[in-house]
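Heads up, the next two complexes both have chain A, just with different partners, chain B and then chain C.
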Partner chain A sequence: MTWDTSLLWQFDILILLMMVICAVTALALEGLLSSAIVTGAYSFLICLMWTHMMAVDVAFTEAAVGAAISTVLFLGTAQYINRWIKKERPREQGIKQITLVIAVICAVMMLSATRDLPDWADPDSPASTHLSPGYIEQGYFETATPNVVTAVLADYRSYDTMFEAVVVFAAALVVMVILRRTSHKHRKLLHLRPKREGRDTILRGAAQSIIPVMQIFALYVLFHGHYSPGGGFQGGVIFGASFILLALCYNLKFSMNRFREHAVLWCCAGGVLLYAGIGAVCLGLGWSFLGYGALAGILGVSEVMARSHGILAVEIGVGITVMAVMVSLYNDLASGGDLEDGL
Partner chain B sequence: MDELFYFIIAKYNYWAALVLLFIGLFGMIVRNNLMKKIIGMVIFQTAILLFIVSIGVKRGATVPILKFSPDKQPLLDATAYANPLPHVLILTAIVVGVAILGVALALLQKIQRVHGTIEEDEILEDMRK
Partner chain C sequence: MILDILIILMMLSGLLFFLATTVGIIRFPDFYSRVHAAGKGDTLSTTLFLGGAILFILRDFSGENLLTAGKLMLIVFYIFIASPTATHAIIDAGYEFRVPYWTRSSGKKGAEGDESNEENMDNGFYPEDLKG
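For the complex of A and B:
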């Protein structure tokens, strides 16, 4: 029994321990803001863990979504609620102890079951020998995409990805339906809240110089997803984050003047429509839904290259939807649905 | 002693995922504050994602992006690349996770607006009135 030390288990155990500490701290802290910040740190640690597990695309997504957007959404809500937890009542104790006992028993049972799992990082584990070698060995010849994750995401499992985009789109609509108020009687309360003018020169200067770079980087991530970590999800989230940064450094009004609500909604729906539309075009040309090989005749390229271009097209669709949904979620959650004043 | 060491090394990642899973679940059940319940849900979710990605790790493997030899031929050895399939599933799950988080926080703000509190027992009292 030999152990290849290339996986650096000491590093792993350190990060995992820190993750457990962060998780406990985030749940134990009383203040809403502080536990939101600790949750952000937790996301950052799991991002390190994923880089170390060679899941770079996942780490990229987590860095953009978990450590950035989720934290901002948490902070927006915490600021909206803006109150501290009262002391918990004594009658909670009994429930707590019973739950703890049950949780520990379940945990011990599941921990003992890990003996039957394949060893961690075992190249001969069932998960790594059944389906994935086919993707790695044939993916390039079928889709001309060196990044296997992108090829699987947008080609072999593109139904999955399409409906994920639909789920994200639906979430944006649901948030809007929940938070928007139709009656105007609550609106007079808004003036009681302090208005943020956003006159901080340093923040504005930093935002002005960072935002264009962020947007170009987001486009690079989106269009270079075939050859490097990245793709529609990551590019879209980074592009959306640039508008959120604008709203944080100036104010919500300012960013909503740049990217109006109608445009946001059109982008939300347009990305999904682009994705489904490409599938429908393939269907119309006599292939299966999302069988990008059908596009070979239209684009005048070989079938393999057509699949590569098809992947790019649906990634653009995913990117547009995700970008708009992130902006929409922020706009609604940071302002309590009024779109008047942000975080 | 070596046996025990190898046993720990071969399983610690699953253990960490399970511990995080139960921390998240415990937080979701016992915390009275609804926002803490949401944080528990986030931790619960990432624990599952950690477990699934752990399955795809291979010793001595690199990121699942094909390398090319100098004469432009891809190096196609499945053991040299990490398993891409869990990565795909988790990547989309993270983005859906933030969508779920958004909906949960929206419900939270609505509850705050209607009941004036996000403490579970106070909400229940308010509902009984």
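For the complex of A and C:
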């Protein structure tokens, strides 16, 4: 498919303008909840931008993580903080001005540095002359994975992806430690939560028709990552979002009965463990860490197919971790750590 | 030719409904009517827009285009379920938190939905079991 981007430069300018407007609005608004919503809109605009630059995998991740889950988690966090920004004292004004000066200096330095960057899609830039041609030309023959992004992410740059999964895992741990260790007195939860006792028939009906499709779609995204945009992160986030939707439409207790705390924690750690375990197996068979070619003997396939299967296995690991971490983050944030009642 | 006109009509009416939604969100007096405008207009205009897109894709009929049209139809279907449900949930939450609503008398005092406007809250709008 050919894609003439030059036709749509007005579109670029429009999106960039709207992004600037969104960013300024998010800072200028007084309520944290409104800022969170505007940040979601900002993420969605970036997502359009990336789609336009043909970075569909990144756009997909941004749509799932930035525009959807982050907004929900922001909203969950905002209830612990005073919703309205206080009038600042004179001393804080001084600090803010110093911050502004530092920010302006940094911005000027960065903007002057952008002149040294290569143009977008410049074929002579170092990134396009050294590594990328190798990946694009040999990626399919070495890994049997048509989607180059997946091959680079989970095979050539496998270490990076493993530690990304570890970072996600650490985020869940930190939230758990902070929220479950704070005594209840110091928390500022919303005094009124919508109860909807007996009035949630519509929500439940909609949830029943949407959630199964969401979960099937999440599995499709995860397992079809070899051929189309998608993979462990996106699939995991969509699967986690289905549980969040369940908690929103029914209540937290219901969703936690379906996916128990114990299982969530096992999945959080198990996904990363699966990823690292595959690496360790490869190491044990005399290859390098995460050199999936070692699995050829176990699976009984050629080395190329073994790399393809290895990519699938680590994507599943990433998916399990991300899914469980999203559910865990939501459960902790919505209930204030006690996991009893929630939004 | 007729198909083209139909597509253009659908797109234009979609745009018109989007405009009406925007005007409604900005101009309507209270929370409930604004959310109502957003929910109704968004759903219908998105449906019309994507419907136009589906017809546009199906103009040159092939298997690949049929697949794309099918995906778009799924999007339309789920927007049609999810958007009114979300509107319902938002309005229900506002109802439970007793967000003041607009009446002809409160309209003159400028009912922008601010929560200090307490006289609106207790005039029989809420059923007894919600008052506690």
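We adopt the following convention: the second predicted complex is superposed on the first by the 285 of 343 C-alpha atoms of A that agree within 3 Å, B and C clash if a C-alpha of one lies under 4 Å from a C-alpha of the other, contacts with A are read in each partner's own complex, and residues count from 1 in each chain.
Throughout what follows, a contact is a pair of C-beta atoms (placed from the backbone, for glycine too) under 8 Å apart; a residue touches a chain by one contact, two chains touch by 3 or more.
Remember, predicted model here, so these are calculated numbers, not experimental data.
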| item | value |
| --- | --- |
| Contacts of A:M49 with chain B and chain C, given as first, second, both or neither | first |
| First, second, both or neither for A:I210, with chain B first and chain C second | second |
| Touching partner for A:H262 - first (chain B), second (chain C), both, neither | neither |
| Contacts of A:V148 with chain B and chain C, given as first, second, both or neither | first |
| Comparing the two partners chain B and chain C, which touches a greater set of residues in chain A | B |
| Which of chain B and chain C A:P123 touches, first, second, both or neither | first |
| First, second, both or neither for A:I202, with chain B first and chain C second | second |
| Residues on chain A engaged by chain C in the complex (per definition of touch) | 192, 194-196, 199, 202-203, 206, 209-210, 213, 248 |
| Chain A contact footprint on chain C (complex, rising order) | 78, 81-82, 85, 88-89, 92-93, 96-97 |
| Chain B residues within the chain A interface of the complex | 2, 6, 9-16, 18-27, 29-33, 35-36, 39-40, 42-43, 46, 49-50, 53-66, 68, 74, 76, 78-79, 81-92, 94-103, 105-110, 112-113, 118-119, 121 |
| Contact set on chain A toward chain B in their complex | 1, 3-4, 6-7, 9, 12-13, 16, 19-20, 23-24, 26-27, 32, 35-36, 39, 42-43, 46, 49-50, 53-58, 61-62, 65-66, 69-70, 73-74, 76-78, 80-81, 85-86, 88-89, 92, 95-96, 99-100, 103-104, 106-107, 110-111, 114-115, 117, 119-123, 125, 127-128, 131-133, 135-137, 139-140, 146-149, 152-153, 157, 160-161, 164, 167-168, 170-172, 174-175, 178-179, 227-229, 233, 237, 322, 325-326, 329, 332-333, 336-337 |
